[in-house]
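As written, the chains take the letters A, B and C, and residue 1 is the first residue of each chain.
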């Protein structure tokens, strides 16, 4: 799916005024220059509530141009309410082409997932971030967390991981799993599942993170080290799924559970809808789809 | 023989600020030398300042004037003017004090208490333990008590633990503040033997012994402290 | 046994003013390795202000504090940069608060509390961190089965012992203590003091302990500084000051206690 929209609104291009976009671009440039460092910016009121991606939308609005192709996903899916409305927002205000295809997009805005299809040089992945400060729930004082970042004092984060192992026998955190960026700054990939953490590591794409309510922007430039924290004897591990996607048969991908009926029937399918559809179009068949087609 | 302790012109009075600054003279112009291997016993009626003199030598009481030289292995220290650190080092290495009262430390066994006193002076563990056990035996402390904290011991048993503690290390100078008070004859004799041992090892001792029999046996000299009576200020 | 001839910490002319009000004024002393110094006085005497200045929690109005770092150099602690100062505070120094809630993370397990300093200086082996934490819990006499319980479920005495373990795990050379036995029951106090006395002697710690309790000073310290109205009015060997107090105020303090 690829459509072209014409700007039919009285708003400035991509909704934000030019001064605001310049201000945000400066913040983005600074963020790229200091990988993982949270740059404060003057977050604007957006025509959507906090928690719906106001940070990501402002970042996207500041970098988007008429020649871009935009993809928006929420939980890996292109067709959830949030994804659809943000996509429509930019179709309307930025006259930009939109797509659901990962490889066709130049800018991908996401709320959690990183697409299964590997990103390439020139692509920009924009994350919507609710809580940019990884130390926040351990240390409530902003003055103190800033100092901890300044001095790279990150022992406390390991205390949290220690607590997990002591309580659960393993590091129980499955999303927003803390990472070190370029060996210097501790970064929250919030609320990305830890399954996707390895995709951030040395990705050829530019990764930008926008937190609207918390007024922070941070970035991982292409080919930057993003290392998940762990212990020598409890190394970082991604969650493994014990079955392939029920629809496309893909293995080693992130799966969502879908309830089929009220008798306990369920299936596990790709959370990345584009990936699943692409595979099915290529003829791959998972367990359930296979059964249905046999029946038909 | 060169003296181990030289006391020269020492005087002491207490100023009782809570009683309108009343001056309480204790002793004046105390002068006394004690040589290695010598035991000097302080005599005189109670209240004459015997115990205060021992406390001044130990650095427990300050002095108003005069000098108290204690000759440690690495040179003399004037207790009257030494810094707290110097006094602490002197006490650890050279200057011991044996009183009849044990300041019991909860939860530390009698044996460990004595071993610790020897260890503080740098005597290694095995030798310290051997010495401590031998002392407890000589002072007739029943073996079943050795591993117990002395807090629950009888007064006499605590006193003997404390004596063992005072005698276990190799101090060059020992101050004995009525160590035999209220001991029975057998244990008094044991303490006398310990004092003789120390003399043989060249330890200089200054003591207070109320028991006349003990005093006669251990004293090389008896110094009547009433001659140091302070002149009223 | 040799005593180093260079002080570990040296304070010269320390003053702290709160506007017109004197916190403490003109305090000078040297503290040597392995030495325990008690600062005694009533509330408002300036002893806690002094402790805050010495431990760099408070900037003095005048005077200087220098410390012999692990590499042997004497450094002005207020000239250290923030990173050096914080590293010093969590490795070579300890601070035991009267209120354990200030010195502990109440929602983090006992093991995590003890392990935090280790992780802060780069330990990344869970098994080793945990066994070190267990070892320290044992040394401060906390039941090892409580390792995964948070201090909010601990009694006051246990919290205080946990705080001590948390501080000592990096083998500091100097520990500041602010009324460590304050607010505890008498029997709990005795046990804590006994434990502290043993640890201080075993580890050769230098300690600056602020207390209004002369019995605590008697049991733990080699030396005493008596403070009143922000000034040090008397100082000396602990047993000397307590048995032969010279200043009127010290005599009053000593005579006010039943038996120390």
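The rule is short, and it goes like this: a contact is a pair of C-beta atoms (placed from the backbone, for glycine too) under 8 Å apart; a residue touches a chain by one contact, two chains touch by 3 or more.
Values in this document were obtained by computation on a predicted structure and should not be read as measured data.
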Chain whose Cα centroid lies nearest the overall Cα centroid: C
Centroid-based (C-alpha) most distant chain relative to subunit C: A
Inter-chain centre distance, subunit A versus subunit C - centres from mean C-alpha coordinates, in Å: 48
Centre-to-centre distance between subunit C and subunit B (centres being mean Cα positions), rounded to whole Å: 32
Interchain centroid distance [CA atoms averaged], subunit A/subunit B, Å: 78
Overlap residues in subunit B, where contacts from two or more other chains coincide: none
Residue ranges of subunit C in contact with subunit B within the complex: 1, 3, 32, 35, 190-191, 194, 197, 222-223, 236-237, 239-240, 243-244, 246-248, 251-252, 255
Residue ranges of subunit A in contact with subunit C within the complex: 147, 150-151, 153, 155-156, 158-159, 162-163, 165-167, 230-234
Subunit A partner contacts - residues on subunit C that touch it in the complex: 82-83, 86, 105, 108-109, 111-112, 115-117, 119-121, 124-127, 129-130, 147-148
Footprint of subunit C on subunit B - complex, ascending: 14-18, 55, 59-62, 84-85, 87-89, 92-93, 105-108, 120-122
